[in-house]
Amino acid sequence: MAGLKTLIGVMGGGAVNASVAGLAYDLGFAIAQAGWVVLCGGRNAGVMAAVAAGAHDAHGLTVGVLPDANTDQIAPEIDIPIVTGMGDARNMINVLSSRVVVALPGGAGTLSEIALALKTGRPLILLQSSYAPLIQQLSPQTPLAVCSDIASTMTQIHAWLS
Amino acid sequence: MAGLKTLIGVMGGGAVNASVAGLAYDLGFAIAQAGWVVLCGGRNAGVMAAVAAGAHDAHGLTVGVLPDANTDQIAPEIDIPIVTGMGDARNMINVLSSRVVVALPGGAGTLSEIALALKTGRPLILLQSSYAPLIQQLSPQTPLAVCSDIASTMTQIHAWLS
Amino acid sequence: MAGLKTLIGVMGGGAVNASVAGLAYDLGFAIAQAGWVVLCGGRNAGVMAAVAAGAHDAHGLTVGVLPDANTDQIAPEIDIPIVTGMGDARNMINVLSSRVVVALPGGAGTLSEIALALKTGRPLILLQSSYAPLIQQLSPQTPLAVCSDIASTMTQIHAWLS
Amino acid sequence: MAGLKTLIGVMGGGAVNASVAGLAYDLGFAIAQAGWVVLCGGRNAGVMAAVAAGAHDAHGLTVGVLPDANTDQIAPEIDIPIVTGMGDARNMINVLSSRVVVALPGGAGTLSEIALALKTGRPLILLQSSYAPLIQQLSPQTPLAVCSDIASTMTQIHAWLS
């Protein structure tokens, strides 16, 4: 243990197909291998569960910022549960707590986190995200990257953190 | 005064051109004339200030849900200040408190409110919004309308509330 | 309608006896007669419901800041529902939005609002509150008054607002 | 790393004397030695900083739930920063995220966390707290203990968690 850890926020849908779940797992694994902490929405579903499982299997630490007022629906691979009881208003905390936000495919919740990252200036990576054309069009002043695989995502995070 | 009022949430940019500000003013005027209450982000800027001014001039009531912990930056035509001190996490309150959400042109903050309306199932009108193609593509289950003028916006709100 | 209204927050238990409910009703009536707006927790229970009913009967305006994500449990005399979906984290919004906070008898929720009023410097009146000895002992820098009836409460609010 | 960790919330003043700071340090040390995670308010002041330092020196993990929208004022011994941007509304998150809440001497902010622990049913220990007589008088249904030293505090936490 040596002081402030680097939290990488991974956002994405609560109901995703096997391909996206696999992508989330691999990203969680890579983030943990790099020595960073995975932060996600914490529930036992979709990208949240998959990214936590990947980080866990690489012996990394995982933080889950739950919308609920209890841990009943927590993903089993979450180490640190942050229990907010504020529903999707917690999406703002996900974004603010992340040094870099990575958005995988997802629905309206994920889109809200992308928007809040742009609003608060958090560096943002869109990984295989269908929202990329729209977001790029916004010409945000936030650091923004569009990536198609995990290798380029990790390279970008390393570049921003160095 | 006769019990529960109908709050119509109007979202949009904090820095907009005269055309959008005029649209917001006219929408606020029309909402107030219909007997509804205008809810907005409350600050003295952009769509927030214009929609409040329009409602005020039509002798309507205005609610401003402020991101700040005080009223220093409140628009002068806000009647009811809700002081949250939670920054853009208050966008969720804007959406949840609105019977219908109308989104005018705006940046990332407005996009987050659109996304949260979809996430929480609040009926949503996109008025002259460049986000319409993306949002329609999401095939949301939320009631959703794309409007180009105030007349059709008001007709849609009336239809949903009846 | 003429710009910024003065919101007086009235806090107190969700389950109270008839005497406290009567006190809340009378206070709501007096606040409305003074031309101010009553802000409360919004639910159809205890002090929240009683103070709203009193204000309503005096033709005043009432704001209810609900802990829930919907209006299912709203008191019927609430005019303006603010729907937060954040549970008791909304107690902070109750306090921040009030020009003066009046605390009637209540349990832990009310005590949290008293504490947050002290923390944020909102002028605070303890009306027939058993917490008065403890709170006075804290020697807060916040304007603080201990009152035993509605007449002295109203006199104190007038003094602070003038 | 092996799944869900036990978070013990330690609350207390942001400006305390050396005796209370020493108590907080020793408690953080003891919690970390027991294998639990310390959760606190995260700022570089008072009980927050002292408890984090103690846990850090015992090679434990520390979570800081910050009221700010950035980490500018974070205590150097915080490992996991949760950045809320919601001011004291984050006190609710402190309480909800803790398996047991321990309240040391503190002011209004600490009192709000005690009240919220009672409201949400989180097990609560008052350690050398001047609020103990008042809180005991409330006859809360929440598990509640009043302790005068760290040994009895740790015994109580162990008892509740077993």
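Chains: A, B, C and D, in written order; residue numbering restarts at 1 for each.
Methods note: a contact is a pair of C-beta atoms (placed from the backbone, for glycine too) under 8 Å apart; a residue touches a chain by one contact, two chains touch by 3 or more.
This is a predicted model, so every value here is computed, not measured.
Peer 1: Hey, which chain ends up farthest from subunit A, C-alpha centres compared?
Peer 2: Farthest chain from subunit A, going by C-alpha centroids: C.
Peer 1: To test your reading of the model: what rotation angle superimposes subunit A on subunit B by C-alpha positions, in degrees to the nearest 5?
Peer 2: It works out to 180 degrees.
Peer 1: Please report how many Å separate the Cα centroid of subunit B from that of subunit C, as a whole number.
Peer 2: Between these chains, centre-to-centre, one finds 27 Å.
Peer 1: Please compute the C-alpha centroid of subunit B, do the same for subunit D, then give the distance between them in whole Å.
Peer 2: Chain centres of subunit B and subunit D, defined by C-alpha means, are spaced 40 Å apart.
Peer 1: Check each residue of subunit D and list the ones that touch at least two other chains.
Peer 2: In subunit D, residues 69, 84-89, 92-93, 120 touch at least two other chains, as defined above.
Peer 1: Provide the residue numbers of subunit C that touch subunit A in the complex, in ascending order.
Peer 2: 69, 84-89
Peer 1: Which bits of subunit C are touching subunit B when the two form their complex?
Peer 2: 1, 3-5, 7, 37, 56, 59-61, 63, 65, 69-71, 74, 76-85, 92-93, 96-97, 120
Peer 1: Could you pull out which subunit A residues touch subunit B in their complex?
Peer 2: Per the touch definition, subunit A meets subunit B at residues 86-89, 91-93, 107-109, 111-112, 114-116, 118-120, 130-131, 134, 137-138, 140.
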